[in-house]
Structure formats: C-alpha cells, structure tokens
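Labels run A, B, C and D following the written order; every chain starts at residue 1.
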Amino acid sequence: MYKYSFFNDYSEGAHPAILELLAQTNLAQETGYGEDVFCREAAELLKAAIGNPTAAVHFVTGGTQANLIALSALLKSYEAVIAPRTAHINVHEAGAIEATGHKILTVPTADGKLTPELVQQVMDEHTDEHMVKPRAVSISHSTEVGTVYRRDELAALVQCCRANGLYLYLDGARLGAALTSEAADLTLPEVAGLVDVFYIGGTKNGALLGEAIVINRPELQSDFRFHLKQRGALLAKGRVLGLQFIGLFRDGLYFELARRANALAMKLARGLADLGFRFLVPPATNQIFPILPNDLIAELQKSYGFYIWSKADAGHAAIRLVTSWATREEMVDEFLADVRAGRPR
Amino acid sequence: MYKYSFFNDYSEGAHPAILELLAQTNLAQETGYGEDVFCREAAELLKAAIGNPTAAVHFVTGGTQANLIALSALLKSYEAVIAPRTAHINVHEAGAIEATGHKILTVPTADGKLTPELVQQVMDEHTDEHMVKPRAVSISHSTEVGTVYRRDELAALVQCCRANGLYLYLDGARLGAALTSEAADLTLPEVAGLVDVFYIGGTKNGALLGEAIVINRPELQSDFRFHLKQRGALLAKGRVLGLQFIGLFRDGLYFELARRANALAMKLARGLADLGFRFLVPPATNQIFPILPNDLIAELQKSYGFYIWSKADAGHAAIRLVTSWATREEMVDEFLADVRAGRPR
Amino acid sequence: MYKYSFFNDYSEGAHPAILELLAQTNLAQETGYGEDVFCREAAELLKAAIGNPTAAVHFVTGGTQANLIALSALLKSYEAVIAPRTAHINVHEAGAIEATGHKILTVPTADGKLTPELVQQVMDEHTDEHMVKPRAVSISHSTEVGTVYRRDELAALVQCCRANGLYLYLDGARLGAALTSEAADLTLPEVAGLVDVFYIGGTKNGALLGEAIVINRPELQSDFRFHLKQRGALLAKGRVLGLQFIGLFRDGLYFELARRANALAMKLARGLADLGFRFLVPPATNQIFPILPNDLIAELQKSYGFYIWSKADAGHAAIRLVTSWATREEMVDEFLADVRAGRPR
Amino acid sequence: MYKYSFFNDYSEGAHPAILELLAQTNLAQETGYGEDVFCREAAELLKAAIGNPTAAVHFVTGGTQANLIALSALLKSYEAVIAPRTAHINVHEAGAIEATGHKILTVPTADGKLTPELVQQVMDEHTDEHMVKPRAVSISHSTEVGTVYRRDELAALVQCCRANGLYLYLDGARLGAALTSEAADLTLPEVAGLVDVFYIGGTKNGALLGEAIVINRPELQSDFRFHLKQRGALLAKGRVLGLQFIGLFRDGLYFELARRANALAMKLARGLADLGFRFLVPPATNQIFPILPNDLIAELQKSYGFYIWSKADAGHAAIRLVTSWATREEMVDEFLADVRAGRPR
C-alpha cells in the first residue's frame, strides 16, 4: 500500500536479539505471573541502570495499562492528576484514567510540557472538598509532540510538586528517545532520581511488547501486584516481559536503538529544514512535525504513511513523521529526495 | 529446584511453531492496535473454526483481562453476573470484576459446574431494585477443577438463561482441554453456537500469550474496541496476538496440543487409579486432583512441583497435577514410578 | 457574624408551606423508598407542569447526586459528556462524574453557555476508539454564572445534539430562576420538550431538600430505580421528597419563589448599575456578579456575606451576590445604601 | 388498604419534636453543606454520647449511602470487606459496594452474626495477590434478623480483627434497637469504643432522614468530606440532618424511642409465644420473625401489612413484624387478638 511507513515506532515486531532470547529460553520451566528468573534478572538490570537498588520494578504489556495502574495506585478515590491538555492519558486512552474513578486536571501548553506555574495555578484553584484534590502530576518524556524536559525544567517541576504534596509521575513510553536526544541533558539515573514513579517504555523502542513500571519511593511499593492482578495485567507467562528487558538492558541495546531512531529523525529534520520548511515544535526526538504545503502532503501520502497532525493555515499542515530502531535509512533518504522532487514552488 | 513441575500449563514459553511465525513476520510493517493483517487472518481462522462468519473476534493478553472486559461490556452498572463459588472470576482475579463495578452472585457447586436449578434459585431471590439485577451467567469450560459440561447440561443452561433474559458467557482459558477431553461430547462450533460471548484461551495451550474473545451476537459487538482501549488491552503491536492464533488454528495445532496434554493427564490419572488412589472429581482434562496420603505428598514434593489443593481428611489431601502441550512424557512415567516406590502401606 | 448573607440561595430552611405539609402528613403510614402516595402525587404534578404525561420522575436529595446518577445512567462505560469548563459537574462535584467512570470533555465559554460550534468541535476531535466517545451534552439553566439559554440557542443546541447522536442533559439546580428571568423566552414545558433528561431543582428554590429528575424519553426510563438504589439515593422515607414538590407545584409556589428571588437580584443589579458599576456577565437571574473596587469589597465584607468570584484587574474583583425566596427586601435596600455610602471616589 | 402496617420502622414521618426543631430554626441563615451551627451541635452531642471527644462525625441521608461511603473510604481499590451472607450491604443495596469497586466476601451465618471463626476462615483462604485482600469486617447491630451482639462476642470479634489487620465497621441502621434490647449488655460508649467506624441510624428511629457516620480512629478521619461530596452526600442544607440528631440526642429521645419500639415488639413476641408459636431466631429487638401456619398468614394479610420472610416447611412460613417509635400499642393488641381468633387448630 505505502512504499514505507513513518506512521509510528511500533510498525515492526521486536529487535531480533529479543526474539532470540525468547527462543533460547523457551522450554525452561518457570514460575508464572512475573515471579520467574527472567523477570527478576530484568528487574535487577533496570535497578542498576537507574541507580536505585531499592526501586520496585513491575512489567506490564502496554503504555495505557502502565498509566492506568500506576496512577490509580497512587491516588485515593477523590484525588486527581494534573497533566498537559495534550497528554496521552487525557486524549488517547479512551478515558482509562477516569474509568478507574479519577479526574485529570488539564492545562494547555505550548509544547506538551508542564511548568511549575501551570501546576501552581491548578493548585490555587483547588481549595476545598467541593473540588477534587490534586495529588499527582503526570508528564511525558519525551512528550506527545516529541519535546524533552531539560534538567532545570524537571528540577523546578519536582520542587513545585514537593512544595504542594504532589507525586510526580512520568510516562516514559518514549523515554529512550528522550534520554538520547541531542537536546537532552539528563541521564536515566538522573530522571529516575527526580520522579516518584515512572515507566520505561519497551514497545516503542524495540520490544515485542512491554513497559517497566518503576516505583522509587518505598512507601508506594507495597501491594502493587494486587493492582496489577486486579487490572488484568499479570501475564501467566510473565517471563515474556522480563525477557524483553533483559534483551534491551543487558548490553545497552535500549540506548543504542533509541539513538538510532533519533538520528534518523534528525536526518529527516535537517533535510527538511535545509529545504526551508518550518516545524510545529523544534525537532528533538524520533517524532518530528514539519509544516508542509497541502499539495506536497497529498503527493507524499501516495508513497508514505504518516499522520496529518494539525492544520497550520489554509495552505499548510503539520505532519508527524516517526522513526524507530527498525527504520531503514535509505527510506529516509528517499523521502527527502521525494520531497525535494515534489516541492511546489 | 524441582526435578519437574506439574504446577500448571504455563510454565514454558510458546510452541516452537509460534516463535517461528514471529520471526518470519518480524520486519513487515503493519498497522498497530490489532488492525493488522495477522489479526485479521487469525480472526478469519477462528470464525471458520467456530462456524460463525458474523462473530466478532478480539485478541487480548490474558484471561483476567478477557473476563473483566467482556463481562463489564455486557453489563449495565447495576447488573450482576452469576457464577460458581469456585469460578476464577470470583476467587482468583483479585476482585477484577468488582473493580469494574459489578457484583458476582455466587452459588456453591459440587464440581465447579452451574446448573439451571442453581441459576434459577438466584433469579428467584432477585426481585426488585433493592438488589442487583442478574444479567449474565459465567461458566468455565473446562472448569477450575478440570470438569467439562456435557451437551445436555450446556443446552439446559442455555435454555434457562434465555428464559430469564441472561447472557451466557464462557471462560475458555482451558477450552482446548475441554473440547478434546474423553468426556467431551461437544465440538467447538457447538459450544460457540450455544453461548453469547466466550474466549478461546491461548496462554494455557501453547501460545506465548493471548486469548481470543468471541462475540457471537451482533447486537453485542458494537464499540467493543472502546472497551479494549479503556482497559489497557489494545497492544500497539497487536500483531503479536494475531500471530499466536494463526499458529494455533491454521493447521489444527490448538486441538493437537490440547489432546496431548489431556492424554498425559489421563495417563497420570490411570496410573494413580491403578494404585488405588481416589480423586476429588473424576479426571477429565489436563488438571487432575488425586487424593494422596500426606507423607507421600511430602515425599513427592521433594522432586515435583504441584499444588496441594484441599485437605481431604486428617491423613490425606487432594493435590493438583497439571499437564500441558510441553509436558515431557518420561516425567509422567517417572512420577508414577516414584509414587509406586514411595507409596506408604 | 454577618449582618446578612448573600452567599447563596440555600442559607435558610424550607418555605413554611412545605414544613406545614410535612407536619400534616407526618403520621400517615406510607410505603417506603419513593413508592408512597406523596411521591406519586408529586410526580403527577410535575408531569402536568412539563406537559409530558409519559415522563418518568424520580426524587433525589441533591444536585450532585442528581447529576451523577442521571449522567452515569445515560452513558456506557467508554462514553463521555461534553460540558462548559465552568460546569458544576466539572468544577464543584469533587470528581463525582469521574468517580462513576466517565470523562467530562470541557470547552471554555464566555458566559457559561454551550453552543453548537463548541459541541461540534469536540465531536470533530473524537474520531476513534483511542479516545472516549462523546455521548451526552450537559448544560446548566440558569448557568453557574447566572445566565440563561434563549429559545433559539437551546433549539440550535438540540439540533446539534440530534445530528451527532448526543443526549441533551440539563442541570436545573436553578431552573426556577432561569424560567422566571426577565431574559427568559422559554416556558417549563418548552424546556422540558427540548431536552432528554433534566432535573428540577428544589433545594435552591424553597425546598428543605430535593431535586426531581425527569426522564423524557421512554427508552431511557427503564430500571432507573436500580441506579438510584445503587448510588445510595433511595430514601427509606422517600415521602419527604415527594412532599417538597407537592408544596412547590400544587399551587405554583415554585415559580412565585423564583420570581421573587430574581426580582430582588434585579433590584440589586439596577441599584449597582445606577451607581456605575459593571458586571462580569449581564445580570439575568438570582446570581449577579458586579465588579467592585477591592476596598469597597473589603468594607462590605464586614457586614455582608458573599463570595469574591474572580479578580478583574489590580484594583477590582467580581463578587457573587445571590438572592433567594427567603431574602429580606430591606437587606437588599440596606446593601445598596451601604454601597452608596461606602463608595470610594 | 391495610388496617395497620408492621412492614417496617420507616412508615411514618419524624418524631414531632424533630419537626418542631425544623420549624423553630427555619429562617436562621446558616452555612451550607454540613458546616452549620446545628451540625456542629449535633456532632458534639454525639461525641458526648459515645464518650469519644476526638471522633469525627458526619451526617448523611441514608443507610446505603452511609455504608458505601464509609466502606469505600476505608478500602484501597484491591481491598475487600467481610460480611455475613445476610448483610444489607450484600443483599439489599443493589451492588452499591461493588459499584465503588470493592468485593464483599460473604460467609453464611445462623443468626446474622459474624464470629472470629468465620472471619479467620476467610483470612486463611486469602493468601496472595491473585485474590482480593480482606481489609475490613462489616457487622450490623442489630442484625438484619433482629439479633444483637453481646459484649463477649463483640470483644472476640474485635480481637480477631486486630490480629488480622482488619478494620471493624458497624452498620447501625438499628443501633438504637440493639442498645435498648433486653438481650443487650453493651452501652453506646462501649460499642463505639470497640469499632473503628460505625453509623448511628436516625431514619429507622424517629428521624425524618439521616444517619451519623462516626469515625473513631483519627488516622481514618482526614479528607472524609471529599468522599461525601464525591458520592453526592453533602446536602446544601446540611442543617436538616444536624437538626435530626439534635432532636434525638439532646434529651435522650433516641434511646426512649428505641426502647418503646422494642417493648412493643416484645409484647407481640410474648403474645405469640404464649400461643405456642416458634420463631426463626429468638426475638430481641424491634424486628421479630414468628413462624405461622400459611392459612393464618393469609388471613392476617387481609388486615395487616408485613413481609413473609422465608418458608419454614410445607405448611408454615416465618413472617417479619416490625415495630417503631410510632407504632400504636392498640394495634399490637389487636394483632394478637386477631391471631388468637384466627388461630387454626
């Protein structure tokens, strides 16, 4: 149908190293429900990678599942979570958070990033029991528009959260891309050290499936497996999830794959910038949002898969191009060539 | 630790044919969230296998997830589901059904099976809006104690449900074992033709993960993907689930694996019966519950993994032995030999 | 503490006629849970007043209870309700709607009123199962800032709802004030004829407590008492609620009281306008929002109870003044005199 | 229709003293939502009556509302409450507890009363995160069959709860009847001192409506008003509820009314016992369950309202007779006379 798809970073299966791990370990008899030797090894690898030996690590199958379980575990029934208007939990989870009983308090942002000012404003408006009680802040890193938090931004947000008694939760569906971005000045241990709970996304960075929920604060760790079980997230063959993260973290594959995806996105971005195109937000990770003329977009859609993100003006729209660990570099080159060829004057 | 585990039917990974399918298709670019070519092919295979071309088929990652989504989709907020006291949804899902807001109305059973009389009794007790409104009946086939419904039993239950305006839901975590049991007189199309919604379990019959929810009645099919998404069950790489069921149903592997598991359980059961042991319920599928002396059990536990199910009397207990597609026949033989050798007089 | 309170319209008990009804009927033995003769009479009075003999009428104790039960009864688990950002259900119900599992999709408005354009925009953004499915629109009449829908506005909204398959729900906490506003061009039967479900507020218009939920569409009426019971809204002595609405609707007291409250608010508004003060929104019902200098506000707060609603500029704020059936006219006069006296030049 | 109703203890309105209080205070301007002077006075009266000055007291409109709010406030999402099979929360609240997401773990009882043995058995069965986690025990005092806990029974239950980390919750819909029963050996302060959270029922003991939730343990008190608001239980004119309990507790009316109801029930019970009739459970409070011949029951139903509770044998059934503060003693005499006259030989 398409010559090539830049729709997303989950169009292919898993990195071959992960499939090999599955095959190698296939007939070993193991305990079920995430208490197997592979999940334990994976948890140790992640605790080492984040530099927190007392963290609790749990593996789930997808990002919406991770978000709904982690946030509902953090919140009492009358407590709410603050998030950017564009947050995945607000827009693209079919009301999963509300289905667990919790309100999302949203604020508009320019670039998908929360600031202390935006959070404080919500706090100031919520003063008594006629309103929900804000209790957590949820950010995505990288965000839904591919931007990343810088060290000073995240530190300021943490300070604001602590001052207001708010947990800081990080949706790390594309944490790999954030950490290996040219714009990044935060390492994984640094990010992990600043947030209370987060998840490390596997699905969008080379895993067949799987996200790793990390709970830093010991007082938030107890009974978490009850939440997993109650929401249908405990896999009988939990080993499958542990093996994904062994594959990704035993030899640094996680960072290698993310770096590669970012590099190809940057190649696309620079090529488009060289041609004079602007972007919805400055390209930083594996999702970029160039603004193209509508007729060029129509032309490109004949050969490539991608989403039209938002209308820019009568004649232009921002599109979303996503690269991944599996993106073929020659397709990036070909896309740029096709843009050059088809570029309307 | 153990010489061999008879703990359950999900101690190993996937049947090798499924791993091969994953490898073969790994780099094909496909649509996400279950709308890929593999999920479509798998759905067609299942609709052919059940003989209902108008059924809707959806793939999820596990049994608790299948149950909570299917039942909550069937029920209005004040409606309840009737189930045996021993039902997985009642005992072993950490309150997953109640977490979606619904009461389970339970009845004690001798053998894990519901009867029209038991259902009618619940209906007779629920007469007005001070009580929940029973709206669905949930059965497991095979049941949590390995028993199976016979044709006349299931037909009578269906009739009772229709007379009372109740949906009939079937938890098919071990549907393969039920269909290939020596005690079975129902084919897959027959079972499918009698129930309103059910799921075909993959995890416990050779899949890496995955259960296929089948919605027979067209009026129950609409908007089901909203439920999947809201409960965190739509995998970005939904292809993974489709491929499991292609592997299981393209060439009848599903039935072959279940038959093998049953045969090994029957070998165990006959061997134990020959030695004079009784059973909690008559062995019929891949879960059997022999009643053994406590000192023999203690001896066997040194070499084999299995659960002690229930106390029988001061000196005896029922244990659960489970076989699977992956069970090694020589271990069955060895287990029987060890019983014979260790049998206390 | 205060000389007089303009905080709200529920600072006093009930209109004396209602207390008399309670006393007169006190020892009659009646059926419980809203199936008594008084609730039946009240329902008949309301059906006559709205001109819909086939409506279903149910009495509950308060507005949040009415909203959470009515909306959760209308919506499937993945369905959402569209409301103005300022809606009581969004801001002042402590997440009651979300606690029943449903998302509120909010839009900013100038005056607390939804328009077809605002609704359509939400519809256009919700296109697939990754997002919730908008299924109802909730409006308040009068709104949280005291404004009212005109006939053409409500008709246009109805048309938009029908075109989009949306239920129209009306929060009538202050429906009396809306219907008797000088700005109103809609009668009770006309409003009732345009919406699918609404409630007629008693608490804020002379009742001791009580709101009457009216379900116009027969297909939405079934099993509603299950919802009431499950949410803890069926009073054992439901007669108490029926008697409130007999008192309010047997002789038109409902409209008389609302008219009086509006008239006193208009007297306040005209007095303040004559003194040159502006308003946050044009005064129309028993809640008015004059913009006063901060030092005048501070002075007035020594004698009167009222809320500071929002900051207007560095030196001014909008305050909320509320009148009711019980407001003493001399206090309105005195307030105006004190404003005149204290008016900073 | 009936000459007289023994259906329940909420067939009439309120004790006249309460209506008088409403009338006397009607025009006082007061703060809304339960923060008024009357609610504060009522809370002080209750804290004095229970002998716990640090208790928190909140007023709600009914028993189901009290139960669902108190229990859901006590429990985390994966936690469950243990209750007798016959508990109001299990049978007669339309799944209200489950609608807040929590499972009720039920045990069969002979007389509606839990014992340490029954609780311990549930605890022993719940061992890991595949099952819900029992976290509270709910008892009714008096129970749904009119029985009462004695001091030693309640003390033993408390000890069992403490040993197992379980909160003890008491549904006091008919607490007055329990405390003034001839079978009672526990005072209100003693009961209050043994349980963690309970409610004092007003509706069934002379109030127009209203139940008082009492939270003894300080660590369970915080943020409770958020729960009230979110479940629609904060009345704008919360004063109405405070005034009920001022009326009941300022001069001991609560105990006087309950004692009277019990005395009339005992008169009925003794009269029936003298005629040779047996009872389902020994009569102790204002609900009694005599076992009568079916033809006598049919005869009595022509003149009196009462429920047939359960079939005893082919020719007999247990009926429920309920007396209240408002029961007319001559009707008790007449009922007994009619039994005597109609007694089949």
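The working rule: contacts are C-beta pairs under 8 Å (C-beta built on N, C-alpha and C of every residue); 3 or more make two chains touch, one makes a residue touch a chain.
In this text the structure is predicted, and so the values were computed from the model without any measurement.
By the document's definition of touch, common neighbours of subunit B and subunit C comprise A, D. The interface with the greater number of C-beta contacts, when B-D is set against A-B, is A-B. In this assembly, the C-alpha centroid of subunit A lies 51 Å from the C-alpha centroid of subunit D. One simple way to say how far apart two chains are is to compare their mean CA positions; for subunit A and subunit B this gives 34 Å.
The distance from the centre of subunit B to the centre of subunit D, with each centre set as the mean of the Cα atoms, comes to 42 Å. Among all residues of subunit B, those that touch two or more other chains are 77-78, 93-95, 99-101, 129-130, 132, 226, 229-230, 234.
On the subunit C side of its complex with subunit A, the touching residues are 77-78, 80, 91-95, 98-104, 129-132. The touching residues of subunit A, when paired with subunit B in their complex, are 2, 4-5, 7-8, 10-14, 16, 19, 22-23, 25-32, 60-69, 93-96, 99, 203-204, 208-209, 226, 229-237, 239-240, 305, 326.
On subunit D, the positions that touch subunit A within their shared complex are 33, 72-73, 76-78, 100-101, 129-130, 132-133, 223, 225-230, 234.
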